[in-house]
Structure formats: structure tokens, C-alpha cells
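See the structures that follow.
In what follows, chain A forms one complex with chain B and a second complex with chain C.
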Partner chain A sequence: MSTALRGSTLLRHGLFFLALALVLLLLTSFVFDAYTNYNVTEVAIYAISAAGLTVLTGINGQVSLGHGALMMIGAYTTSVLLTWHPDLPMILMLLVSIATTGIAGAIVGIAGARLRGPYLAGATLALAVALPQVPSHFASVFGGNQGLTVVSPAPPAFLGANFSPEQWLAWITLAAAVITFFVLANLVRGATGRRFRMVRDNEVAARLAGIDVARTQVLAYMISAACAGLAGSLFAYWVTLTSPSGFTLTLSLSLLTAVVIGGLGSLTGAVLGSFVLVYLPVKTGDLATTLNLPSNIANNVPTAIYGIVLIVAILVFPRGIAGGIASIVRGAGRIVRSSRSPAALPASPESPSQ
Partner chain B sequence: MHLFLIYTVDGITNGMVYAAVALALVMIWRATRIINYAQGAMAMFTTYIALIVIRHGAPYWLGFVVALATGLVIGAVTERVLVRPVESRPPLNAVILSLGVLILLEAIAPMLFGGQTQSFPVPVSNTDLLVGGTSLDISPFALFTIGAVLIAMLLLFLVFQRTTLGLRMRAAAFNPEIARILGIRVGRMLTLGWGLAALLGALAGMLAAPSVYLYPSNMDEVLVFGFTGAIIGGLESPVGAVAGAVGVGLALSYVSGYVGSDLAPLGGFAILIVVLMLRPQGLFSFGRQRQV
Partner chain C sequence: MRPEISRSRTLAVAAAGGAAALLTAACGSSTPTSTSNTASAPGITATQVTIGSTQPLTGPAAPGYSEIAPAANAYFKYVNAHGGVNGRKINYTYLDDQYNPTSTATQTHKLVLQDQVFAMFQALGTPTHLSVVSYLNSNHVPDLFVASGCNCWNNTSQYPETFGWQPNYTIEGKILGQYIAQNFASKKVGFFLQGPNDEFGTDGFTGVTDALQGKSLNVDATPAYYTPTAAGAMAVGAAIAGLQAQGVQVIVSFSVPLFTAIAEASAAGLNYHAQFVVSNVGSDPPTLAGILTGGALGKKLPAGLIGGTISDTYLPLLTTSANPWVTLFKSIEATYAPSLPWDGNVEYGMSEAFTFVQALKAAGQNPTRASIVAAVESSHWADGPGLTPYAYSSSDHNGFTGVQMVTVDATGNLTTLGPVETTDDTASGAINTFSGAASTPPASGIPSD
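The block that comes next holds the complex of A and B.
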């Protein structure tokens, strides 16, 4: 059994994510209250999008300051389809949103594959500002600035009359997140992930090794956009209103900061960053309320603290929360090891492999 | 034809404000290889400070000087305290750091100054000039905007090309290692460069505020359009940045005039993509193609 586990990444990941799904199912059903479920759904939505961005920016090395715009494409695909055909099943909506956003991502990726560094950042930033203007202008299809209403999916009858729609949406979103992370974890570990990383680390070497750099970058963009599309579709159900104001520049920037704060290039980091993104404002907002601050201060305390956390984190933990935890664990391990064998060689301050 | 003239004048006026931002971004990019996404937020902050000075009865020009001076200080302090530690780290760290500064400034501003939109005074009239009963389609304030940015550019050009200090700053940006060997205090030059860039940004903030009004995120779009202009011009070239930014200003003005104002950002994005597809390094960058 243990050799089979070590041998097959797919099996190991499968068991891990199955266990994770079971734990989440139990937590959302019996432990969490409605408000926690609501927040956890938000975390899962951001985590799906952030995971896609991790693959793009962390693994493949392409910066995107416009992932909010891709989420918007997913959200509007779902919302427009729902206005036309309210009876279609939710799973179909999610799949179509993944497809349309994936195609949009491929187009952005084809344009982006020629661009590097700040040029790519600037182009995606311009996309993040420009795209929300489309639904405002073409109001007949997209509902203008008022947006389109989305009806949250009703839980199936066999779950009982008391089963709340929030809990049902939490189940669906968490299931979608677990599947996304399962797929991405395998992808990142496999040949595709290695190609992504090689293109990131050394384009010339990748080209010499026979990798089509541009195609790899477009593929990374497409996968990343597909995740953003799924997240956007779920976001539409979660907010129940899809309007341009839901997809501001702030959303795009928040996603990138969440990915970096969590730990760039790590899927665990994407989850941690999403937790920070959702819970830091909630917790600091509570704090501001208890302190009885005037409203113009209290309303902005969460954002200010988020800014401070970003600055401090980048100065103190340049490799994010996941990297910080890893180095603490490594440091602790080193202390344990050196206390066991005092004659051991002095540990080098920084291992050469990084 | 008359409309075309109006849109052109508008485009050039706005373009000059974007050009100030673009030039500030290019200065910082050339010196430290960092895009300062907080450039707009810093300008918003200094403009609020100018408004406070003016509201307390001081003349516009005192507010103007205070804003530029505050910009110089904010830029220099940001470089020295926050940016210096990440300069040698991966580029994304600097991106996140400047986004952090952007988020922080836009959260502190409503705490200090209130979050509501405020109007901002102009030093000279904002209505179109009349000569013998016919309108010239340009206001004294538009002329002031264009003139102020041109003068700022001229001064910067003189400082960089004609003074020892400017020579030192260029050396520090061009090759820090060699500059250090020659006895130039590279760190100080970078701090000063950030300060001057933020001063230029503060000027853009003062010039933009009467038309976009003053609120904590009022400079977001100005920053994006300035950045777009800088990229179109190629981040290496100050002349390119100015030309690109004026081009963006014109394009936005024509799109919003002839198609619809809400589509203007989309027009800016379209132009950016077209230019970058033809020249991925921008229009005004020559040589140094990163190729195999």
C-alpha cells in the first residue's frame, strides 16, 4: 500500500482530496453556522481563482493584474445564460463559463505570449480597467450598470425542506474547489507543470529542450482563465447580482496580492492567501466596530490593515505565508536534528538549491 | 470638423496629465526597474494636502508648492524605507509592495480627509477663451496644464542633461556598480529619483483634480492611462512616454467623443494591444531585443 502511494501521485492526491472533501462536507453540514458557510464559500471562490493565478504567475512566470476581468467573463456568461434559459442546470452553467473564459484566456494568452514583465502587467491592467465598461455600454444584453440578477440554486428535495440554499451553495463551491485543486495539483506535478516551470526559469533552455514557449504560455493562460471562469460563475451565484461594480480593479489586484501573500507558486499558498483576503477584513471590521471608531475611520480600517499586512509581509516574509511556514518548519527540524547529533556539521544558513 | 478640434484640444490637455504620470513611471523604471503602481495614490494624497492648505485660506499657489514638496518627500521616503529592501529581490515583490502602498494610501485618505468626492479649485479660469466673440475652444486652465507639464519636463531635462547631479543620477541608473566605484552615492541618487518622480506625479494630481474631482481613488484611471502611454512609448524612453501618453489622451478623447464615453478605456486598451502586437517593447525602444 505504501509503495503504491509513493509510486502514484494520482492515487496519493486522490486519497488526500477525497479525505479533504469529506472533512469539508462534515464541517459545512454540522459545525459551521450559516454566516461561516457564507464566508467559507467566498474563500473557496477566491481560492479557485487564486489557484489559477498561481499556475500562471507562480508556476509559469506570467504576471496578471487583470484576473478580475476574467472572473467577470465567467460571471456574465452564467448570468446572461440564466436570463435567457432560467431552467438549465447549474452544472451546465459552470461548464459553459469555464469554456468561454478559457477561450477568452487563450486569446489574452496569445497576445500576452509576446510580452514580458511590465509590458504584460500593463496590458492586463488595462484589460482590468477596460472590460467592466463593456456591460455598461451594451446594456440590452448585460443589464448595464444595474447588472443582472442571479437566482441561487435551490437544494434538491431529498435533502429536506430545512436545508438552506447557502449550505447547498457552500457544498457546490467547495466541491468545485476540491476538484479544481485536485486537477491543478496533478497538473503542476506532472510533465505540463515541469514545462511551465522551465519556461518560467529559462526560456532559452526551454526552447533548446524542444518546448514551444509561446504555446506553453498560452496553455498556462487558458488553464488559469478556466479557473477564473469557474470562480466567476460561482461568484455570480454567491453575490446573486452580476454588475460591473463587482469586478473593479481592486478585485484583480486583491487576487494577485492573495497569491503572493499566501506564497507564490504554491497551491496551498493560494488557499492561505484567500483566507487572508476574506477573513482579514471580517476580523478587523469587527475590531473597528468594538472600538467604536467614527464611521469614516472604521470603514477603512480593514483596507488599511490589508495594505499594511501586504507591505510588512513582503518585507519580512518575501516567500509568503506558505514559504514562511516552510522555513519555520525547516528551522525547527534543523534544531531538532542538531540537538540529536551535536557533532553534525554546522548548518549552512541558506541551502544552495534555492 | 469643429467637434474634431474640441476633441483634439481635450485629448492633448488630458494627454499632458497622463504624460506627467508616464514620465514619473519611466524615471522610476529606469532607475530601479520597478513600476510604481502607487504613483497615482501618492498624487491623490498630495492633492488632498494642497486642498487643505487652500481651504485654510492660503492662495492656490501655496497649495501647489506644498503639494509638490510633499510629493518629493513621500517619494523619497517610500524609496528609502520600503523599496530599498526589495530592490534586489524578484520583481514581483516590488509589484506587491507598491500595490500595498497604493491600498494603504487609498484607505488612509478617507480616514484623514473624508471619503466623499470634493471639487478642486483652478488657478485660472476653466471656461473657453473668447476672442472677439468667437470661442477658441481652449481654456486658460487647459493652457496652464499643458504649459506646466512642458515646463516641468524642460526643467527635468535640464537637470538630467546639464548638471553634475543629473549626470550622477543617470550614472546610478545606468550602471549602479560602476557608478559606485566612481564614488557616486547610488542609494541617494535613487532616493532623489523617486522623490522627483513623485513630485511630477503630484503635479499631475493637481492638474487632474479639477476635472476628475478629488476622492481617494481619483487617480486610478489616470495612472492606468499614464502607464498605458509609457508602455506604448516603450518604458526606456522619456520622449516615448510623453508621446505615448499624449497619444492615449487623444485616442480616449476621440473614442469618448465619437463612440461613447464609457467605451474610452476599451479604446485605450485596444490601442495598447495593437501597438504591443506590432512592437512588444513599445514604439520608442531600440535594440536590446531579448531573443535566443
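The block that comes next holds the complex of A and C.
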């Protein structure tokens, strides 16, 4: 059994994510209240999108300042289709949104594969700025600035009358997140992930090794965009409104923030970063209210604290929260080992975090 | 993330109870049957009523509007200091949505799910509140006195829990349009609107064009639009220059204060002397003066820029300090919110809070969500700060139905232009002069029933 576990990444990941799904199922069903479920849904949505971004930026080395725009494509795909055919099942909406955003990502990726560093950042930034302008120019399809209303999915009748819609959406979103992370975790551990990293670390070496650099970059963009599309579709159901106001440049930058704060290139980091993104404003908002400050100061406290926390986090954990935790664990391990046998050398392999 | 299973269960039971009460509530404000206070609904305890709101405390709509909820809260503090309503203190929780409809949706979920508000009160903004009106109604949360003049709040079949308060933008637009037809018949009329596809702009546009129908005025039918975001602010100058190029002489503006100020400053910068006719919500002189002189537009501009602007009001004029409502609200402000300026936003916030206390009193000793909705629908409150009575009934969720034209001079003084006029929001509905007398506030400053 243990050799099978060590031998098969797929099996190990499968068991881990199955256990994770079970824990989340129990938490959302018996521990969380409706509002916590609502917030956890938001964390999961950001985590899906941030995971896609961490594959692209952390593992493949391509910067994207436009992931909010890709989420917007997913959200509008779902919302427009639902406006035309309100009865279409949610699972179909999620799959179609993954497909359309994946295709959009491939197109962006083809352009992106020709660009490096700041030029790529600039091009994706343009996407984040320009795309939210589109709905107001094609208002008959996209509902203009007012946007399109989406009806949150109703829980099936067999779950009982007391089953809240928030809990149902939390189930769906967390299931989607677990599946996404399972797929991505296998992907980055496998041959595709190795090609992504090789292209990131040295394009010339990758080319010499027979890797088609451009194709790898486009594939990374497509996978990353597909995640953003899934997140966008879920986002539409979660907010119950799809309008340009939901997909500002701030969203794109927040996703990048989540990835960097959590730990660039680490899927665990994407989850941790998403927690920070969702819960920090909630907690600072509560703090501002309890401090009883004058309203014109209190109104701006959450944003100010958010900025300070980001700066401090980058200073203290340059490799993000996931990287910080890893070095603390390694450090503690070294102390424990050295206290047991002073002669032993620190034997921690400095492997890049997954 | 505390374990709170019982809370969600209580909520579900209460929601079911509320739905049952809706079915059985034939008439609303019944006489109290019990003598002690009970926790009769979500957000109501024996000693407290919790209500919630979403407000633009920061962001592009914040200048001016960020004062509305604190002003309402000052009135509630005054009521609380005088015994509250049926022994219950009003606890008003208002959250910042930055005038961003997506934030409105998340903040409203927080108010309903976590803070468990009894009702929503004066949630501000047309595009913002439209994002949650279905959610509130499907959860049977009373949605009282939305701080927006969208016609959409008066939709008793789809949104039975939602009530408007200020005259809707079509009513307002019709009366503005009539004034333009009577006074600027020879001039070319153009529009500067929030939009496109924003009901704030479109409802106002509908009202004005209804009133101009068949009056053979020269109207520029393509409005200039702005988006209420930081990026949108950059584009206002070009929009105003476009109106100038079209030879527009009268600009009808349905805009929030920051964008009215930018539009008037842009016109002045272009040496373009058009007559501005601005919707009430975007025309408060102290707010505009604050934006212009405070340097919010990149440099300090003279407040006198807005001199000559025409607008309307449905509340007593700010500057008539002899008016008993103005006296009452100013004295409450001096005690409970001394840091706020005296302006139209403060008067608005306090007036709406007065109406809420009227509704809460009428909902009975132990109010339920159904009983407060029924109380507003069957309200025949004689007194109120409005220049016209409330229009509320079971088939009409509009608040006030008329306005009085006003003009502002370069020092910010307001003068009325003619009588109070009332109308409805249909294209053919006649505009009538209102003949009723203005009401005076109760001596205590708190509604008597």
C-alpha cells in the first residue's frame, strides 16, 4: 500500500482530495452558518482563478494582469446564455464557460507567446482595462453597465426545505474547486508541469531539449484561462449579477496579489492567498466599526490596513505565506534534529515548492 | 467561522413564519394584542430593532451621499435617546458598497445572513440596489425607502417588499420638462445622463421627453452619457464638448453630485454657457460647492460656478431656517452629528429616518416583516417632511409624487420658481398644481403614531 502510494502521484492525490472533499462537505453541512458558506464560496471562486494564475505565472513564468477579464468572459458566457435560455442546467453553463474562456485564453496566449516580461504584462493589462468597456457598447446583448441578473441555483427538493441556497452553492463551488485542484496538482507534477517549468527557467535549454516553447506557453495560458472561466461562471451565480463593475482592474490585481501573498507557484498558496483576499477586508471592516473612528476616517481604514498588510507580508514572507510556512517548518525541523544529535547536518533538500 | 447551526435554523424558521404571516396578514397595522415586547421577527428583540443599508461611503458617489446614512443615524439616536420606538432602540448598520453593484450584492448578503437585519432601509443607488432587489424580495426582507428615484421600486407584483420614497425620476423629469417647455422654448435642449442603460438616466430622460412631446422644441435626441467610475470621470469633458458642438443651450443632467460638478466645471472651462437643469439628487448646492472648492477635481474652483443652475425639491428649502422641519433637523444635527455640514443630504437622511419611524410605529408593538410592509401600504400619515403627501398604497409603492422648481444663485442660495406640482409617471398623466398645506413636525420631533 505504502509503495503504491509513493509510486502513484495520481493515487496519492486522489486519496488526498477525496479526504479534503469529505471534510469540506462536513464543514459546509454541519459547522458553517449561511454567511460563512457564502464567504467560503467566495474563497473557493478566487482560489480556482488564483490556481490557474499560479500555473501560468508561478510555474510557466508568464505574467497576467488580465485574469479578471478572463473571469469576465466566463461570467458573461453563463449570464448571456441564461438570459436566452433560463432553464439550462448549471453544470452545462460551467462547462461551456470553461470552453469559451479556454479558447479566449488560447488566443491571448498566441499573442502572449510572442511577448516577454513587461510587454506581456502591458498587453494583458490592456485586456483588463478594455474588456469591461465592451458591455456598454453592446448593451442589447450584455445589458450595458446595469449588467445581467443571474438566479442563484435552487437546492434540489430532496435536500429538504431548510437547506439554504448558500449551502448548495458552497457545495457546488467547493466541488468544482476540489476537482480543479486535483487536476492541476496532477498536471504540475507530471510531464506537462515539467515542460512548463523548463520553459520558465530557460527557454533556450527547453528548445534544445525538444520542447515547443510557444506551444507550451499557449497551453499554459489556455489551462489558466479555463480555470478563470470556471471561476467567472461560479462568480456570476454567487453575485447573482454580471456587470462590468464586478470585473474592474482591481479584480485582476487582487488575483495576482492572492497568488503572490500565498506563495508564487504553489497551489496551496493560491488557497491561502484567496483566504487573505476574502477575509482581510471583512475583518478590517469590523475593526473599523469597533474602533468608533470619525466616519471619514473609518470609511477608509479597511483599504489602508489592506495595503499595510500586503507590504508587511511581502517584507516578512518574500516567498508568500506557503513559502513562509515551509521555511518555518524546515527551521523547526532543523532545531529539533540538531538538539537530538548535534553532529547531524541539516538534510532538507531545497526543492522548489510545488 | 463559529459553529452556528442554530442561527441558520432560526433564520429558516423565521423565514417560513414570515411567509405564513404574509399569507394570513389581511390588514396590517393592527392594535397590539400583547403588552410585552417579544422578539417578533429577525432583527427584532425586546429592546432593539436592527436595520441595514448599503451606502457609497467611499468611491465616486461618496461626495455628499456619504452623509445620508450618518444623518439618518443621528435622527435614530435622537429617537433612541427619547425612549426609542415602543421601548426598542433602533440599531442602524450601514455598509460601504462604493457605489459598485457587485459590492452591493456581497454587502447585502452580509446584512441579511450575518447581521440578520429586520429590514433594509434607504439602500442607496439605482444600479447598485437593482443588483439585490430580487434577492431581498425572494427572502421576504422588507426593503424600505430605497434612496433612489428609479421607477423600478414601484413594482408591487415582482417586488412586494420594496418601496421607493423620493419622487421617481420620471415624475421629476416631467416637471423639469414642463418648466423647460415653458421657459426655454426657443433653445436647443440636450442631455447629460448616467448610463447608458442605467435606469437613473433613462427614467429621467423618459420623463423629460414625455413633457416635451408635441411642444415643437429643438431636442438633441442623442444624450451624452457618463459612467460613474474614476475612468468615467475622465470622459466627462469630451461628453460636454460634444454637447457644445451640437449647439445645445439647455443641458438636462441626471447625474450624481461629483459628475454634476465635473460637467459644470468642464462647461465653464470650455467657455460654454449652457443652462444646466439638474435632477434633485445631483444638485445640492453645499455638496457641489464642497466638491468645487475642495480641490476634488484637481484644482480649487470657485463655488459660484453653479450659480444659475435650475433644479427641484420635494423637501423644505435648506435655506429657509424658519421652516419647522429645518429647525428640527438642524437642532438634532447639532447634538447628534455635529461633524456633518447642513446640506441636502443631511435633510434627506433625517427626513427618510422620520418616515421609517412612522412605519415602525405603525407596524405594531411587536412588528413582523409582514406587518411593517402592510403598515406602509395602509399608511395615511398626515405629517411628513415632504412637500406632498406619501402616495403609498397596496398597489402603489411610490413615495412623494411631486416637486417644486428651484434655482440656485452664485452664493448657494435657493429660490423657488412657482408652486409645488404633482403628476404620475405615465406619458399622458397631467401635471397638477398641489393645493394641500405643508405639514408641521410633531412637537416632540418624533412621529406620534
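Basically, the second predicted complex is superposed on the first by the 344 of 354 C-alpha atoms of A that agree within 3 Å, B and C clash if a C-alpha of one lies under 4 Å from a C-alpha of the other, contacts with A are read in each partner's own complex, and residues count from 1 in each chain.
The rule is simple: contacts are C-beta pairs under 8 Å (C-beta built on N, C-alpha and C of every residue); 3 or more make two chains touch, one makes a residue touch a chain.
Please read these numbers as outputs of a predicted model, since none were measured by experiment.
Engineer: Contacts for A:215 in the overlay, against chain B (first) and chain C (second): which applies, first, second, both or neither?
Structural biologist: A:215: touches no partner chain.
Engineer: Does chain B (first) or chain C (second) touch A:136, or do both, or does neither?
Structural biologist: In the superposition, A:136 contacts both chain B and chain C.
Engineer: Once the structures are superposed on A, label A:189 by its partner contacts, choosing first (chain B), second (chain C), both or neither.
Structural biologist: neither
Engineer: Taking the superposition as given, does A:308 touch the first partner, chain B, the second, chain C, both, or neither?
Structural biologist: In the superposition, A:308 touches chain B alone.
Engineer: Contacts for A:300 in the overlay, against chain B (first) and chain C (second): which applies, first, second, both or neither?
Structural biologist: both
Engineer: Should A:126 be classified as contacting the first partner (chain B), the second (chain C), both, or neither?
Structural biologist: Only chain B; A:126 stays clear of chain C.
Engineer: Quick check on the superposed pair: does A:245 touch chain B, chain C, both, or neither? Answer first, second, both or neither.
Structural biologist: second
Engineer: Determine, for the superposed model, which of the two partners chain B and chain C contacts more residues of chain A.
Structural biologist: B
Engineer: So, does A:197 touch the first partner chain B, the second partner chain C, both, or neither?
Structural biologist: A:197 contacts neither chain B nor chain C.
Engineer: Find the residues of chain A that appear in the contact set with chain B and again in the contact set with chain C.
Structural biologist: 136, 296, 299-300, 303
Engineer: Considering only the defined contacts, which chain C positions touch chain A in the complex?
Structural biologist: Those in contact with chain A are residues 1-5, 7-9, 11-12, 16, 57-58, 62, 66, 70, 95-96, 100-102, 105-106, 109-110, 113-114, 127, 130-132, 134-135, 195-199, 227, 229, 339.
Engineer: Of all residues in chain A, which touch chain B in the complex?
Structural biologist: 57, 63, 111, 114-119, 121-123, 125-127, 129-131, 133-134, 136-137, 203-204, 207, 249, 253, 256-257, 260-261, 264, 296-297, 299-301, 303-304, 306-311, 314-315, 318
Engineer: Which positions of chain B touch chain A when the two form their complex?
Structural biologist: My answer: residues 29, 35, 82, 85-86, 89-93, 95-97, 99-108, 110-111, 114-115, 220-221, 224, 227-228, 230-231, 235, 260, 262-266, 268-269, 272-273, 276-277, 280-282, 290, 292.
Engineer: Contact residues on chain A for chain C in the complex?
Structural biologist: Residues 30-36, 38, 42, 136, 139, 143-147, 149, 151, 161-162, 164, 166, 239-241, 243, 245-246, 248, 282, 285, 294-296, 299-300, 303 of chain A touch chain C in their complex.
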